[in-house]
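In the part that follows, the structures are each spelled out as structure tokens.
Each of the next two complexes has chain A plus one more chain, namely chain B in the first and chain C in the second.
Up next, the complex of A and B:
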């Protein structure tokens, strides 16, 4: 109850006219950086930081966190409309969002994504409000073995899915791991797999790979078939925005499950990316319409989006309560906290009550402001789909090129991006799954580091993964998720001796 | 015309050679267990092996006439190949031109060429779109977010 009173006090700080205006500005700027590839929340927040030096800390953090919300929402826009995920965490949104938009329902796809994202964020904030102190303890219990177990769980829930040719999945996954290993090895400090190219020391950035694999790759697949060369004729339909949001409660189970996964992955520092992939994988396995996933299913949009935002929101908690930034954006914000004269950490909740609860209250209000603004922009973004393909194609190429370049001001990245485009096209054409590849690129090196650190701690014994209840249950859940579909696949030939070819090909089409 | 089999073979060879490169390169980092724990090269080495073995399997599967392959013998028809080239070749030229012309000039020329040469748009409209693209890039990246895009050797030679 104490918390509730503090929260009400927080609302009196957050809901004032100047703060609401700051929120609107922050959200709009955030949407802009989120939509533009190559720029992301970290860029936006660090550019705004100098402007906040003269402000009250509470106003400053409201502006910055609103920008963060806006960027989270904006990142989904390009994923859905052009298959170019601006942020790692919105990759999973492309799997069903893009097919739906291409089918002529961009408004539905965008509104569904934003609606479920807002729900996820709300659950995350509620969690922060009531469980702040407990959650901080869970995060502290996490060492390298637990990290590895969480990543293992994310892989297991996603990779074990049937569908794609198993060996092609394994090859795609292994290539992802190898790409993640390129550059400086964080455990030993040695340089790996640069193949004599000095510039590769910095590694292959995820954005570069994804822009090529998804953006350029999809463009090549689309241009090949005349059908896609036409523009999608979508009416600007305000009613559909609200109808799509009103339909969300029908998918209550998916919403709640995804929010739970998101919060769990946000607190345990698995992060929004792992959360959205895991949520998508689990939804695909347990949904009644799971085999239609990848063709524009509503739940295929709801699941990753809800989990992404639930995780993104609850990830702010470790920053506030422990002083551990969960993401690049949180790290920049933490720099801000110190500049404003505040010390992030457990004492913040005691010393700076106004600041902490003002911020938490602003998360509620800021999310409502963000979802309202972003829903208003849906028809504008949906109208982009009406631009003829011949015009949009070169623009997408330019967006990918500029995005790849601006990641680290490197021309090599642009060339690699184009190379990834060819790989993406070949993989798509031959039904190699792209999702395990991308997942491995994003969290492969973190998983490897966690594993090797665990091995150092245990002097080479695998027993460390069964050392306490937390890590044991995580590992066992991961193994179960991994073996379940394998067992199902093994028993299938006995039940159905000769699957007809037509089914195999239709199955193949569903594979991402 | 490119057959599905040829495409499967090419892809398997591509992934396989990447695997070989990973294996060879990771041997430099050392594999196995040392005083510093698991050596840096161990994981890349293992993933490289997995890639090589998996690619060999896909290669064999691609050569053997399997039931699923027989249903789609042709992967890319000549018309499709022409469309692919129509998109990819200008894009590749655009990327190749960036170091010389800079991002702004190259992207403007790229937009103009792609729209005006196949007569998708009239020349004035294509010109306007090309100019708008370059201007939008400049305003958003260079001005608003202070991200410098390459200006190119040509601009440097002219003293910009």
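Up next, the complex of A and C:
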């Protein structure tokens, strides 16, 4: 129980008045950058970084990590209210969060999201506290073949467990892979698919794609179908905030399952994005109300949010113990660590105990501060839904344009964002799922790099994916998921009359 | 405001520049953009932010400075942006030797001649790293072991500095290495710690933590003389205890990566002179020394004809390696 003692020592560092004040400031700034278009956690943290140079390292990291928690929560706000995810990992939250908010229950949606996010983060921190050294070892076991196997598993779980027709999922994934391939290729160093446009050498930014696909795409569908029915009369109801949080324990199974998926994907380098998608896909398959997913189901919000935050939190551990930044934000923080004179790596836990355990303790306290602050803001944000559609629609366009432009001050990004808007609209009209497309854009190039690195290592033999127990079991699980739809199809004649398939149920289910 | 800031500026200049010529003829009139050709947290980004902080702290110019990251396409995004901003003296591009190396080996839409060179500040060293428990103690042992079995060498990016150095080791050490490109040196370091590759050639700052943590150790430094004495990294050793590769029979005398500063093309000589002067002032501060020491780099300053000569020599050398490997584009 050494760790417990260290943790208690950490609390004595984290729970002091100046540090609590820093946490509150960090969280509020974080919520602000999370909600504002195009800012996001990495930019927020790098803007704040120069201010921390004069601080104690532990105070500095508390400020920055609190900002990170705040931004994660803030990012869910726009996902739920406007269908515009601010971070890759909050895409899955839009699937049920947005329909629920549109149904007139924005308070419930936000409070549920925040409550389950806090639960996920808490599980993640507990994991870090007790399994720090073991977790660091697990991450070391991951070479290129293992990385590829994890990504493969994430893609396969979509084909096997996603709600849409498997073949449509595969098509969406393939389009995503093609988009992810644009730009400079890591393995050969050459430029691919830039179609003569010099600027495309940087590749397609995720934010640009998602703002178009979700924000603009949804807007186009709404304009066509139901544009008068959008103003929602939601009362500012403080009680509902607490009732929604109090209802969470009823979904205990979903919470625990999602937290487990999140932690697993956070430690193995799958990351929060893959975690939230996988958790959503698995929940839809196993939840009693899985067939209603996509129409504003509570568990459809709980699953991705819990997994996202569990993964996001436990992913900080490899950064501290191995020096691998798990996300852009973690990379900026690592830059900060170096400037403060600390070196991320295995020795941080030995040399800088005050820093490490102060940070871990601050994760407990910081998340509690964050969740308290965001829950207080829920009614304010929910009130935004009362603004009529004619006012909110131009606002969404402005948010998307400004957001796309501010990614790298480029007009090309704005044009691409609008292009993605049309793609998003077509996908919805043709019942193609957007989620696999986004997942492939985000982790497609990583999966490709890992595959080709493995091929370099094995001189072209696929045997490297069956070389040890870890990679073999991951690959076999992936293949099994991939073949699941096929197996169900084949066994159908022997079973009772087929349940309604994706095509025949409500359209809203299919577009997810 | 005009008078106060001019006063501050001249005061600061007088204080810092000492014997340097008085204010350059051209002065910036609006905010300056520092373009880091790397993502947040990378070496180039750290440099841009360190310079920004020093300039802000000493008020070396009265215009605000913002750092933007354009690291897409291994930095090509930032250089292409610089090319597109021809004639705009308010964009300062921070990069590495990438600026002239990348156009040689991959079809990117810029060349270093599209930019105005300002200076090369700080050189990053390269070392040969192996896993802590590897049996070989010297570069000689390593080469002997590599001759009998094919080793996997990891590195950042493809056809970039790390791979060029790997090919040089192959040629001079008479061995065959399988080069595995990763996104960054930090990733390669983790792969080495996990035993998935046999070695890498990271910069000191990229693997400092792992050395101290006892997961990997440097065999030798690709430098003409041993690295400067600093604080001890492990219980017994510091950078100056790492032998040079030449000492150990791997005859690569010098291999370094300069950090470079550029303006877009078609700026006036006055404007370029202002930034050369500005960078000189930055380099004279204690904060700069501190930055160099913390990142274990070598403090250099090349500008004008010296910088040009350096680029030409480096290009000549790369062209040779690249043509042997069949990397040259067109």
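In this text, the second predicted complex is superposed on the first by the 479 of 512 C-alpha atoms of A that agree within 3 Å, B and C clash if a C-alpha of one lies under 4 Å from a C-alpha of the other, contacts with A are read in each partner's own complex, and residues count from 1 in each chain.
The rule we apply is simple: a residue touches a chain if its C-beta (ideal position, glycine included) is under 8 Å from a C-beta of that chain, and two chains touch if they have at least 3 such contacts.
Quantities reported herein were computed from a predicted structural model and do not represent experimental measurements.
Participant: Could you say whether A:390 touches chain B, chain C, both of them, or neither, answering first, second, both or neither?
Facilitator: A:390 contacts chain B only, not chain C.
Participant: If we overlay the two complexes on their shared chain A, which of chain B and chain C does A:188 touch? Say first, second, both or neither.
Facilitator: After superposing on A, A:188 lies in contact with both chain B and chain C.
Participant: In the superposed arrangement, does A:49 touch chain B (first), chain C (second), both or neither?
Facilitator: Once the two structures are laid over each other on A, A:49 reaches chain C alone.
Participant: Output check: A:175 vs chain B and chain C. Expected answer is one of first, second, both, neither. What do you get?
Facilitator: first
Participant: Given the touch rule stated above, what does A:144 touch, chain B (first), chain C (second), both, or neither?
Facilitator: Only chain C; A:144 stays clear of chain B.
Participant: According to the stated criteria, A:448 is in contact with first (chain B), second (chain C), both, or neither; which is it?
Facilitator: After superposing on A, A:448 lies in contact with chain B but is clear of chain C.
Participant: Check whether chain B or chain C contacts more residues of chain A in the superposed model.
Facilitator: Touched residues of chain A are more numerous for B.
Participant: What is the contact status of A:348 with respect to chain B (first) and chain C (second): first, second, both, or neither?
Facilitator: After superposition on chain A, A:348 lies in contact with chain C alone.
Participant: So chain A touches chain B in one structure and chain C in the other; where do those two contact lists coincide?
Facilitator: 185, 187-188, 190, 409, 456
Participant: Within the complex, which stretch of chain B touches chain A?
Facilitator: 4, 7-8, 10-11, 14-15, 18-19, 21-22, 25-26, 29, 33, 36-41, 43-44, 47-48, 50-51, 54-55, 57-58, 61, 67-68, 71-72, 75-76, 80, 83-84, 86-88, 90-92, 94-95, 98-99, 103, 107, 110-111, 114-115, 118, 120-121, 129, 133, 137, 140-141, 145-150
Participant: Which of the residues in chain C come into contact with chain A in the complex?
Facilitator: My answer: residues 39-42, 45-46, 49-50, 52-53, 56, 67-70, 72-74, 76-77, 80, 84, 105-110, 152, 157-160, 178-183, 186-187, 189-191, 193-194, 196, 205, 208-210, 212-215, 294-295.
Participant: Sort out for me which residues of chain A touch chain B in the complex.
Facilitator: 33, 36, 38-39, 43-44, 47, 167-168, 170-171, 174-175, 177-178, 181, 185, 187-188, 190, 192-195, 216, 219-220, 223-226, 229, 388, 390-391, 393-395, 397-398, 401-402, 405-406, 409, 411, 414-415, 418, 421-423, 425-427, 429-430, 432, 448, 451-452, 455-456, 460, 501, 504-505, 508
Participant: In the complex formed with chain C, which residues of chain A make contact?
Facilitator: My answer: residues 42, 46, 49-50, 53, 139-144, 183-191, 198-199, 201-203, 322-325, 328, 331-335, 338-339, 341, 343-348, 351, 408-409, 449, 453, 456-457, 459.
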